[in-house]
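The structures considered in this document are given below.
Two complexes come next, and they have one chain in common, subunit A, joined by subunit B in the first and subunit C in the second.
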Partner chain A sequence: MNRKLGLRRSVGRLWHHFFFHKMTEPSDPAPTAPVSTPASSAPGQAQPATENSPQTLPIRDSKPTQPTGDAPASTDGAADKPLSPAELKKKAKADKAARRIREKLEREGGTTGSTTPTPSVGAQARPPSTPKKDATGTGSAQKGPRAPPPRRGSGPVAQTGSVLVEQKKKKDDKKVSVFGHLYGQQRRVTVAGATKEVHHAILALGMQLMDYTICGSSARCVATLIAFKRLIESYTTPMGTSLARHLTTHLSSQITYLSTCRPLSISQGNAIRALKLFIAGIDPSTPEASAKISLCEYIDSFIREKITVADQVIADSAAQKIQDGDVIVTFAGSSIVKQTLLLAYNRGKRFRVSIIDSRPLFEGKSLARDLAKSGLDVQYSLVHSITHAIKDATKVFLGAHAMTSNGGLYSRVGTALVAMSAKERASGVEIPVIVCCETIKFTDRVALDSIVVNEIADANELLPMDTPVSLVVPNPDAHVPPTPENKKGGNRTPAPEPLVTPHKTSSSPLADWHNTPNLQLLNIMYDVTPAEYVDMVITEMGSLPPSAVPIVHRMVTNL
Partner chain B sequence: MASTTSDAAVADTKPFDIVATYNELLRSDADLTMPIAAIEALVLLLTQSASSTISETLDLLEKSTAHLKRSIPNPIGLSAGTDLFQRYLITTLQRPGQLGPAGDFKAIRTHLLSNGRLFIRRAKESRDKIAAFGRGFIRDGSTILTNGGSRAVAALLQKAADEEGGSSAVRFRVIYVLSSTSQESKHPDEEPEGMETVRALRAKGVPVSTIPESAVAYSLGKADMVIVGAEGVVENGGIVSRMGTYQIGLLAKAIGKPFYVVAESHKFVRLYPLGQYDLPIEQQVVEFKSEEDLAEERKQQSSVADTNGDTPIKLPLCDSVDFTPPHLISALITDSGVLTPSAVSEELIKIWF
Partner chain C sequence: MPSSSLALTPGLGSFLKCLKTNPIDTSIETLISLLKRRQIRHSRSCATATAYLLRSVISACRTTDSAKLIERVQSVGRRLMAAQPREMVVGNIVRRVLGLIRDEAEDDRDAEFALSDIGSESQPQTPRAYDDPSLPLDRDSPSFRSDDRSSRPPLTSMFSLLSHPEPENSLPSTPGSSSPSGRLAGHGPSKDVRAEVLEGIGEIIDELGQVDDQIAAYALDHIHSNEIILTHTSSTTVQKFLLKAAAKRKFTVIHAESYPNNHEATHATVSGSAVSDDDNLGLEAFQKPLIEHGITVILIPDSAVFALMSRVNKVILGTHSVLANGGLVAAAGTRVIARAAKVHQTPVVVVSGVYKLSPVYPFDFDSLIEYGDPSKVLPYEEGDLVDLVDVQNPIYDYVPAELVDLYITNLGGHAPSYLYRIVSDHYRKEDISF
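On to the complex of A and B.
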């Protein structure tokens, strides 16, 4: 049953590609083609090299980007026409090649010929836009499939004919030019439009990543691996191919989907690379069942070794660095720092914790709550009061998103500010800056600044005045503003798809920023702290100076 | 080392006293460094013990190491040696083949012991290697400021003096910072650490000036570089060394003179101090006392003559150390080459993994 389904699904996909190929290649994308959608959600096979690069334009859109009705159509088409395995294979190859070419063309077209308005109805209405556009957006956008896949660089704009040419110009102004290269594709906002082959566990994970329910480098990595395990458990190798070969491509499409939800973290990328390597190493003669079991075991042990146990080891050695009477400053909410502080407290160390937090994610709030609940002395302040908070600090503990090969700490934006304030010898005492980081987060990339590599989040997140933005409801004036606690707790259910018609009157003076000339909003996610501001990196391999990151990374990846 | 004699006396009654052996070794051979003495003591322990399994051997090693570390006031230096030896044992035992876990234990044992000796011999030779590497740093007409009683520094300077023509030609000068703390302590008549080197250098025709620690800033202007020894080189490339080295480092940085450290690579310790007060030893350096406290102390001293029990051993001031952070160090001259401070962690990782 399962197997049959899988086969059917893949046939559907192949057929779909074939169909799509035929439709798109000779002429301009036909606006009617319902088939184009799945391809649009899978722009490019996941390339490990680019997995981490921010490819999405993280502008959040309210409307479901894709209709759901198109997928079955192609499935039916496939069911009608049985194909021999050989034929299928051939077609698949041709389709793939064609798709690559098309994508390439589109990419080029997206950058050069983006001014040509495409006659589509799939206007991605931005919440605070003109009523006219809203009408199109709420009305037809729900139904009309966007015929051409979203063009790279064109964003969610400019798809409703000539009106939007002008609008597009405006939109381009909204990209902060220094960070222009980071505005990739738009970020996905719903599950709609995902290809059929995306597993439901991955769909769910995508949603959770999207709205920051699962946030933090380690958590994202673990969640991804667990979702992959689900996927592998329910996976059956289609006929005429081997597990090692097919599963990798199958995984790739899942990964592509995930990366449209939120650009993959370094840890996710590293884990995926390790997993793919393991899959490729499976002997083709291994029976599927045992191969699947060994894969699941591999994932389990990977999570255990690289994250669970690693965290314990790190927390253990980091907690030894905490002395009685210390004042520990930390920024935002790192799970490993939390673990460290709790462990030190449980070992009888008595110290104060000063949490520095910042908008828009307020990750420090749940940390503050959890630590205070456990009995620690906690002071919570926002990043504006950094000089005050750092004045009586004795140590700084930071979490990491990644450590780069030149020893840079790539972490939540604001981290560099904290580290630099600690190193500034204003008070005559240097405060050690300690980073807790698993080696899974090490990367061979080099980061000299925070501009070249970064992630841009939805600028609308910056709008709300006193409550954090609802991360699902794109409209800041959403009727139910979520409480911060709610969001931080991580148990926040994704709000129902907004039926909200955007209000023009907003509490925030910036609400109408899209239509305000000369106004740009920038919401970046990360920054780079240069190595000289970091005294020590605590990993599961021991404590290192930041300069030793590349050595350890090489060692870990070679083993 | 006050308790050495009593320990040595007990050594006969006990089967094997690692602490006494260690102290004895250090005393008998002036050229021996702490890590090497520790390794040698451990090798002696293994030769005398009758362990017959791997786990028994490792267990014995661990216990004796812990005991040794507890009994020595400043175990930073020796822990480099014990850690290295333990690591070496484990890797040898894990290696496949005849000497691996499956092999004959007796063969493993003899192999270990002979290699342990080899290790000691090599370590002693390393000072010559360092001198060879470091010689290039001492140029004609340069003035070198140094401190403490480091044998590696002494070897380097003497080698340079020999190289450059001995007594006939004077090519470099030395400013030797002599510690004043030893004079304040119990033996005021004892000459300060380093006097021996000073005499040896003078005998070779090298002009040496001896200055007190308080004159370092004043004299640094006349020096071209600072060369110091180290008790231990820690993971971030900083050094643990004789009290006063840190301030010389700070002054050298402020004045812009290069600050070189001479250390054997067996002195690399798996330790990551974040600052002066993050060392795993207790030092009586900064102690606040009022008249009341002093009176109390005097009373206690008169009433209790000698309590050499199991109270935590505190380091006397003359033996105290400080930590020189890596950013003050220009380079480390070791037997595996001239390293930048950040390369130390790389070397350590190579040894440990």
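On to the complex of A and C.
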């Protein structure tokens, strides 16, 4: 029910998204252009003003106007002195200057040309070239006054190869080397560049996944399945192929799109695998209409069995573990834990809940809100106070993103700290750590640490933000080099467009971290809690020790 | 004199100014209210303020009777400690000043016997002033000193006379006690206790100014090349320590930001834009941040500590105060980090000046913990939520001794189990609960 609500809300969010990007694209040059055009069309002698104006956008504008901008300047000078030879001389000079400028521009386009000291050569020739120079030079020169560098803006406008190379190098510098293997591809931030086969429901879903509107392993899984259902409903098999064969490849392209928005969760992967298996099993002789109906039915029953009912079963058995007077600690916001706690409360159990939350997603906030509104006694704190929250706890309930085959709990980063604290309290009494997890989240992968398998989110999310809504603001920063999948779509120019950096406080010392050498921000999404910290995994198939995960996983997948 | 501490900041800076102009009672009140309102926060600022205040108190106190001085300092100290019982550094400084006075008084008495031996005594004392931060000497001294301390209360023997100057390396309580003997030669037994005590306090203040550099001098012993070091929150001591090593070696620093309470300072430290209003950082011009030494600094949210711990070679932590049992009180979140390090068998190193070492054996851990502004956890924009839930924002964590592998103080490296010895070297029994 909540999930549906969330979906509806998120569709609205998507519209906001479209709107947002649509608006920012054309509107951004508009305000900046007037700022800089006066500067650049001002008499040629007034370069100092333009020199450090970081506007890079209007280069295209200013270049055509530039010669004319110079010409009026010279004619003005001529108007004062009506001597025609002098006028001619001036004109020749201006022409020469203009030519020099053009040459310079070309030269810069060809080579790296980010050497800052050169401009002293042609003082007259400065105005048009300086903005460009800034565009390329932002990397080395740290611009004090304007915190968010205009680098991104310069990308699409002045698509010089050198800029891209430099940005790429810088980007690499910002990658934490230990996690190098996880940076793979930049997350997509707009729908632009998606192939036309991608269904609109999938497009929408991708955006919602990307900005965490749909967040949480099971929510993502359900949303994906629902989107696939809509895709299948509107699907017609092209001539010459069979549904079973074509639909699978068709799905694959959708899945590729989804995975560029955010790496697929284990649950999504499992659901997709099951769906593909089912599609492959469809008898080619069945008519398309009935095949589609059976597919939709399969998806519905899959959602019902694996998630909706499974959640009810889990909540039911987990709620039985809660007793009056308990102090339950939970980390971040898990839907199944919420369901469990609410169920226990509605059954008349009276207990206290202590929610530990973490940056940057603050998922616990909505959990705290929902629980508190239902009347539960809720305490809210952040990761730094784990020890204090765990001190008088009696049970720890955790949600899961996945359970690995070696019994590890793969969940929101910070979970391991909570589980560890529960097991190693100062008083020496261990608190039971109970994980609620549907079997759809079981995987046959194994993980010893949180580094080999993980997901890297955009580091800009870590910048302190003032706006309370900023959580859902996508991070338009991390998309500079058009990623491989981007180049397929012809219109790559608008892809890295949204140059909306000001969502972070300019006062933050980190605002300029992209240009600060050697400084890296790391925002990983998950960590692996070792099996020894988990006492019990409650699944729809019963309560198990973590060591039973591979067995159950085999049972489930072999069905 | 420590010009460093004159760097102006709202808390400490204004207090020091006020100390110069206002009468002593006003200054005491000012410091008390600063402490109460937490306008003066960092351990070192509190320690410096206390030391300066006590210096003024003593110089304003027109008596040569050590008992009266002790009484006066005790009464001021009690008020200061009552103002902010969790700022244990204040009590530490008061105790050390009391110890100074007592030493003076005893020396007075001893001097009557020892007068003949003064010549031999003043000799080893002169070099002391120069090789004050000399490390090798420093490092063996604690054991020596402890013997010497325990053997001192009985009448002075030749042995104790000779060993006396030894511990004074960076121990400000003894500098007071030795310098008198130097003067004694000129003045005879009727010397001015007050002047000697003032001098001793001056040395305490000096120590507070130098302590970070002294600790940093050990950095190369502990950090090797290509290490990955994890630290937490912004601590000048830790930063200096790392900077010192950064001058010679390349390593990587993972910096957990300590979110709601100190993340801004951490961000500033990390990015090098730390011309911070924070009096901790402002004290000495922070030459260059680590990143400018070519050290890769990775900023992570606190929650990612466990995930990264498997790659970390060493955890280096700053602290708020250190307790006599080897435990420490440090910024909230430290304990989970230390625990995670223990789980991963990663050594935990705590750097701390000796002045943070408190002769307190904690029995009630909760009483050590201070709770801070909950709006940092849940801003008031989320009013609906604030109404409904109970928000907690502890500022400190108690970290038990077993989670710490090594303490590095300005005297060298110590095992946590050894700290009680240093405590007993620095504070006199009669002052532990004054």
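Observations
Here, the second predicted complex is superposed on the first by the 351 of 559 C-alpha atoms of A that agree within 3 Å, B and C clash if a C-alpha of one lies under 4 Å from a C-alpha of the other, contacts with A are read in each partner's own complex, and residues count from 1 in each chain.
Note that a contact is a pair of C-beta atoms (placed from the backbone, for glycine too) under 8 Å apart; a residue touches a chain by one contact, two chains touch by 3 or more.
Given the structure is predicted, the values throughout are model-derived calculations rather than measurements.
With subunit A as the common reference, subunit B sits beside subunit C without any clash.
Among subunit B and subunit C, the chain that touches a larger number of residues in subunit A is C. In the superposition on chain A, A:542 makes contact with subunit B only, while subunit C stays out of contact range.
Residue contacts after overlaying the shared chain place A:321 against subunit B, while subunit C stays out of touching range. When the two complexes are overlaid on their common chain A, residue A:551 makes contact with subunit B while staying clear of subunit C. In the superposition on chain A, A:293 contacts neither subunit B nor subunit C.
Of the two partner chains placed by the overlay, only subunit C lies in contact with A:380; subunit B stays clear of it. In the superposition on chain A, A:432 makes contact with subunit B only, not with subunit C.
Between subunit B and subunit C, the smallest C-alpha to C-alpha distance in the superposed model amounts to 17 Å.
By the touch rule above, subunit B contacts subunit A in their complex via residues 235-237, 270, 272, 274-275, 278, 326, 342, 345-346, 349, 352-353.
Considering their complex, residues 321, 395, 430, 432, 434, 535-536, 541-545, 547-548, 551-552, 555 of subunit A touch subunit B. Partner subunit C is touched in their complex by these residues of subunit A: 176-178, 355, 358-360, 365, 368-369, 372-373, 377-389, 412-414, 416-417, 420-421, 424, 426, 449-451, 454, 462, 464, 468, 508-510, 512-513, 516-524, 526-528. For subunit C in complex with subunit A, the touching residues are 254, 257-261, 263-264, 267-268, 270-274, 290-292, 294-308, 310-311, 331-333, 335-336, 339-340, 343, 365, 369, 377-379, 381-382, 384-385, 388-394, 397, 400.
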